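Here the structure comes first, spelled out in structure tokens, and everything after it is commentary.
We just call them A, B, C, D and E in the order they show up, numbering each chain from 1.
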Amino acid sequence: MNTMTLPVPMASTGGPLRRLSDLLYTRRGLALGLLLVPPLLWFGVVYLGSLFALLANSFFGLDEFSGVVDRTQLTLVNFRDMLQPANVDVVLRTVAMALAVTVACTAIAFPIAYYMARYARGPQKALLYIAVMLPLWSSYLVRLYAWKLLLAKEGAISWVLAELHLSWLLEALLATPGIGGNSLSFSRLGTFIVFVYMWLPFMILPIQAAIERIPGSLLEASGDLGAKGSTTFWKVIFPLAMPGIAAGSIFTFSFTLGDYIIPQVIGDSTLFIGQVVYRQQGVAGNIPFAAAFSLVPIVVIGVYLWIAKKLGAFDAL
Amino acid sequence: QTALKQIGKGEGQVDIVAWPGYIERGQTDKNFDWVTEFEKKTGCKVNVKTAGTSDEMVALMNEGGFDLVTASGDASMRLIAGKRVQPINVDLIPSYKNIDPRLQKAPWHYANNTHYGVPYQWGWNVLMYNTTVFKDKPPTSWNVVFEEMNLPDGKSNKGRVQAFDGPIYIADAALYLMKKNPALGIKDPYELNEAQYKAALELLRGQRKLVGKYWHDAFVQIDDFTNEGVVASSSWQFMANILKSKNRPVATVVPVEGATGWADSTMMHAEAKNPNCAYMWMEHSLNPKLQGDLAAWFGSVPSVPAACKGNKLLGDDGCARQGYNSFERISFWKTPTTKCTTQNNACVPYHKWVSDYIAVLGGR
Amino acid sequence: MRSDPNKAGWGLKAATWAGVLFLHIPLALIILYAFSAEDKSYVFPPPGLTTQWFAAAWARDDVWAAIGLSFRVALIATGIAMVLGTLAAAGLARTRFFGRDAVSLLLILPIALPGIITGIALRTAYHTMEIPFSFWTIVIGHATFCVVVVYNNAVARLRRTSPSLIEASMDLGADTFQTIRHVILPQLGSALLAGGLLAFALSFDEVIVTTFTAGQQTTLPIWMLQELIRPRQRPVTNVVAVVVIVLTFIPILAAYYLTRSDEQPSSR
Amino acid sequence: MTVAVTLEAVSCVFGSGAQTVRAVEHVDLTIEGGEFFTLLGPSGSGKTTCLRMIGGFTLPTSGRILIGGQDVSQLPPYARPVNTVFQDYALFPHMNIRDNVAYGLMVKGVDKAQRLRRADDMLELVRLGGVGDRRPAQLSGGQRQRVALARALINEPQVLLLDEPLGALDLKLREQMQTELKALQRKLGITFLFITHDQHEALSMSDRIGVFNQGRLEQVGTPQAIYNAPATRFVADFVGAANVFQGERARQLAGVDSVMLRPERIQLGAAHSARLSGPVLDVQYFGAFSRLRMDWAGEPVVVDLNPLQLTVVPEAGDTVHLHWSQDAVHALQGAAA
Amino acid sequence: MTVAVTLEAVSCVFGSGAQTVRAVEHVDLTIEGGEFFTLLGPSGSGKTTCLRMIGGFTLPTSGRILIGGQDVSQLPPYARPVNTVFQDYALFPHMNIRDNVAYGLMVKGVDKAQRLRRADDMLELVRLGGVGDRRPAQLSGGQRQRVALARALINEPQVLLLDEPLGALDLKLREQMQTELKALQRKLGITFLFITHDQHEALSMSDRIGVFNQGRLEQVGTPQAIYNAPATRFVADFVGAANVFQGERARQLAGVDSVMLRPERIQLGAAHSARLSGPVLDVQYFGAFSRLRMDWAGEPVVVDLNPLQLTVVPEAGDTVHLHWSQDAVHALQGAAA
């Protein structure tokens, strides 16, 4: 773009609007500024301002008995508390879960996205699109409680498995330490399943878009050069869908990192980052500690975004 | 700050932070409505914000914008200490004298010879159990949820018991230890010195292995007793009532160790914008009809004894069923602080309870 | 061996439809339990079926109030998001300047950072500035994370729109404003509509940020949350969810057809 | 000479019902080993479809395709001994140039050191040594075209298929690449099956040309045969400039129903013994020649004037007299419109 | 004749620092009213940038641009009396054809009935009556091109700018459109400023041609002047095929440092009195002529053989004898590499 500024042009005839138009045309920097000022104000002031307010709060202490924030002096006590083993556990657990959910979402989303992008045509494509979008439009909470019912010990899944005489399978799964538990809805496996379910559409759509952008001739070229389907997949499709995966994973990763409702309803009562932050602020009123703790996901996401950007995710979002 | 001297004209509305189900206007069940009539009578519109835990109530009050709060004992002292609530002039509340004498000057709302709240309701954290599992051998001790053992149906209790998902539950453990291990010298489950506290946490860590999922909200626990094979847990009478009404095989008991409980008071924000309507509500909140209906609705005990008789919804045995006569056996919720009389002011404060309970849940 | 390269293998088909099934079993359950005769807890299978909950839901004012509030919030948040998102897209689509990446990152941040952080940050800011909770505090939160949705749609369309269209318009005598009105907006129209629909959906179902910015107000998801925590007529939440599903069917379809041309494979 | 490719009654139909497109209809064709064979035809005439059936990207609706004598009609692309240079080059954007070229060897399992070495050799062959580490996006159009060539050739195909490989290039670059491509084909001796809609390209590069029209092969022959003895009016018109006369005029010129006369075969001369005379409509300058249009009683006759013949080019309105040798007039089949 | 466009020392620089691109450097140019002026040059030589500065889409870094005598250097496009036909046509996809054509009138505020009538007239002019209700996507490439033309012409511009308007078309369609475009320009008498990189197109259509190379105008002149008397080696090479000799060989042929000889000006003849003799390297068939390359002691000489002159075309290895008239040899300026 040619952004040099030049002397005000000789006015073309016309009203003030036309003159403003002339000015904007010849001074493109000005036009750009006018376009970007409102969003920048909003994001710079409202959003970043809020984040800074949060950051500032992380340096305050709390009067432990009354629960009132003490704004008179700054302290690093919240950051020290964050390093307690229990909190470190929470962070590691959450990040591990977020990664697992992201991987699983990718694995499940990929075939769907691939099929939508390359094979589905006409009404079938529309049908699939709706099928993917519809869950997004039905209340997240109601779906969550529906999962509770599905996963319960006497719920739909065990009922079906019992009918199929496959209960032993479920029991074996639930006996696995680390992921198992008393029933699916009381296990970390259950939390995992529900996370995967909830964020799956957010993974499907960007991957689908990324695959649609791969020119068909590339796949044909691969086949032409002797590659079988699987080679083409791993050497061509998958790398080229990577921006879509990265974009989708920003959602799956970040949503998992921050959610506090799902693990509250489904799971084994071990806490995730979102819950700790929520409890510290909403329940315990310990805003400073919550603020400090919420820096963890900010940092994690920051690192993640940095990697995702390398993979070209922002262009595919 | 001094209390109001007289009630003026209503401001037209009153904002209340309350437990879920505490202030009903007949939206879910027409029989349970104690707001509409009040609004009609006084012209004060009632706005309710529900809070799920005591901590949340404190947080909401600290943020401000409310007139009243139905605070439990573990929240009320913090509100008073934080100067979030103002003294109440009980003379402006004619029904105050009808309140159960045991509650009129209860320590969770009466401090420094000043009233800071009006008792609303109270209840206990009973042991709820499944009667088909326990059959003719109902549990008598909290040990069924704390210690690994075989239940009368021959199967282990592992994975079939629950505990409350809140730091205050440490007190339940202390209560159990008070009886089980007198050598620890626990006098008050909310006042624990370092050693006692450690023992309680140790017990809870053991319990973690038995508990599949901690209960957090009442209806999830109802589901858990229905679908998840949970057979024993600390609970509120409320859940037991609902499960029984659905013909589920449950019963409640107060074990030999006693039980923790909660007693709620309506307290008024220090900067309440609608003090007149607030006073009118506090007066209204003490009428026997409301108290009885609410007790029936919530499974709690009225703070006005008159409510126990003749209430259609509650029934004549309602108060007794819900713990009216067990007042002395209940250790009511209060906020643990370092200042404590029973352990020479060397108690573990609440904020440690919060983070340690998170650790316990995390298996640490 | 006849293997038509334009047909999907059975493995792929199976994986696809299994995935779709996975997405929809809970929805089926939601619909089923909208008719459940059991009102306080969920048991499987449901003990009986009834349609009474539709009437019950209809008669409850709090449902209507919550839907009304959510609708208004979503409408205004979407409106703000559309304005800001379009401006940002117009500014960033085809320009290069120092700090451009930072600006686009800033737009993505509210959706990339967990909602709880946006929520707490806003709540802290409101608190610090002593802004009382109101309709607008919810709207601000929602608009913030909706912008990126509109922005993404608009910027994708702008990048795919030939810049010579704008030049052609000016060449034919249209000034900046006439060009915006006659060329840019019509070009963006369907992308904006699709982005707006998505933003509306996001806002309508948002619970996490709202929890922190709503104060005493009850949006539909907050109502659901309260209702699910202390239900008396539990199936009513399902009824509401089902009604929302049914009502949103058409906008989804519309959004699909509106943005479809953007999705066509393009050769480079 | 061996036969490289045989098409036997191959047809390809897309869609069904009202939207049926008969892209290729009943094509019989034999391409000899080592030949540079070009498919020439207007847009939409079925050239690409034909090529895609040989490559295996589209399956024929009916008929058989043989490569090196083997029926490959139902084989997937990776099992056919042919390789393709795509019109958009289809270079893998996420790999560097060397990996692009080595792709065919990689999928065959050739070990890394060896395949990269051979890729570099191949890049040398197409005069692109030194760009191996770049990405496709960092190359110019002509360079990309050569990478695509190298990538296809590394597999040593029996037949190389090229779908308008020069279509995206500048005229000047295009002429240069034509020469290079032809030279490469001579050097390697591989059968090339080339698609273009540019008759100059077809004429100058090919050993034989097949002219496509509406899904059918209208004529197959050497460039000379196609140019000088087109079978149909379509071929005459499509391959170079042509004066085509029908009916009365044709009979007057050659006693048949339809004739063709190439403009460069006509000379201006004296009025006596002129075959035709008439006024000049207009003259267009093309550098190497000038194109004159004369009015023959309502129908234009196009004459290309070589600068060697004339120093003074006539102007519009001048009367000119046309001469040609009788063998310049070629009778066309039928009276196809 | 009036002056339509004047460029005075116009330069355009993109970027800064290491990435500076001098797209157009110090161009002086005068285009007469009613002229068909073509900018010819290879890809990236600055043609488009030059046109965009005249249209107002890019502002010059320095220099002045005058249209009809008025300095428009700093005016936005909508205030300039020129219109443009874009390379990709830039038809508004959300409007039908009639509204596209009427767009210029609409933004001027011409009332609806009148502007639609005039749009229909304009469509008639470009022989597209009847498609007014269709959308651009429903038209073929050639039709779209004509719509773009109609849309630009409805504003009655003083100058019409055309940026490779035929680039996206098939060769055959392209030749047809060349004729149409030229005829339209004659009919309307509007100044056309045309861009192409195809020398045939430039030579056959233009009144004058400006040859661009690396941001500079190398030569401006009539097609004949450009073709027969190129000023530089670049022009000689770029505009048509050329034998360019330098140094010793040039001095031998014409006594200057650098000469050019067009291949079609050379004839084969008898050995005696031949200007050059040598063996044939190869012969390429082009239909209307054959291109022979003879080896002149290590340097190829290209000869285009007209079919009229020879019945037997020599083959590689034959010895041929070249003849030309002395005026076919053109001395080039300098010894530019």
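The rule is simple: a contact is a pair of C-beta atoms (placed from the backbone, for glycine too) under 8 Å apart; a residue touches a chain by one contact, two chains touch by 3 or more.
What you are looking at is a predicted structure, and each value in this text was computed from that prediction instead of being measured.
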item: Shortest chain-hopping distance from chain C out to chain E; value: 1
item: Chain whose mean Cα position lies farthest from chain E; value: B
item: Chain pair that, of all pairs, has the most C-beta pairs in contact; value: A-C
item: Distance from chain D to chain C - Cα centre to Cα centre, in angstrom; value: 53
item: Cα-centroid distance, chain B relative to chain E, in whole angstrom; value: 90
item: Centre-to-centre distance between chain E and chain D (centres being mean Cα positions), rounded to whole Å; value: 25
item: For chain A paired with chain C, centre-to-centre distance based on mean C-alpha positions, whole Å; value: 14
item: Multi-partner residues of chain A (each touching 2 or more other chains); value: 21-22, 25, 148-149, 152, 154-155, 215, 217, 223, 281-282
item: Multi-partner residues of chain D (at least 2 other chains); value: 56-57, 76-77, 88, 93
item: Multi-chain contact sites of chain C, meaning residues that touch two or more partners; value: 5, 42-44, 127, 170, 175, 228, 267-268
item: Contacting residues of chain E [partner chain D, same complex]; value: 42-43, 170-172, 197-200, 203-204, 223-224, 227, 238-241, 262-265, 267, 284-289, 291, 304, 306-309
item: Sites on chain A touched by chain D in the complex; value: 215, 217-218, 220-228, 231, 235-236, 239-240, 242
item: Residues of chain A touching chain E in the complex; value: 2, 4, 6-7, 9-10, 12, 21-22, 25-26
item: Residue ranges of chain D touching chain A (in the complex, touch as defined); value: 55-57, 76-78, 82-84, 86-88, 90-94, 103-104, 106-108, 151-152, 155
item: Chain A-facing residues of chain E, complex; value: 14, 58-59, 61, 71, 74-79
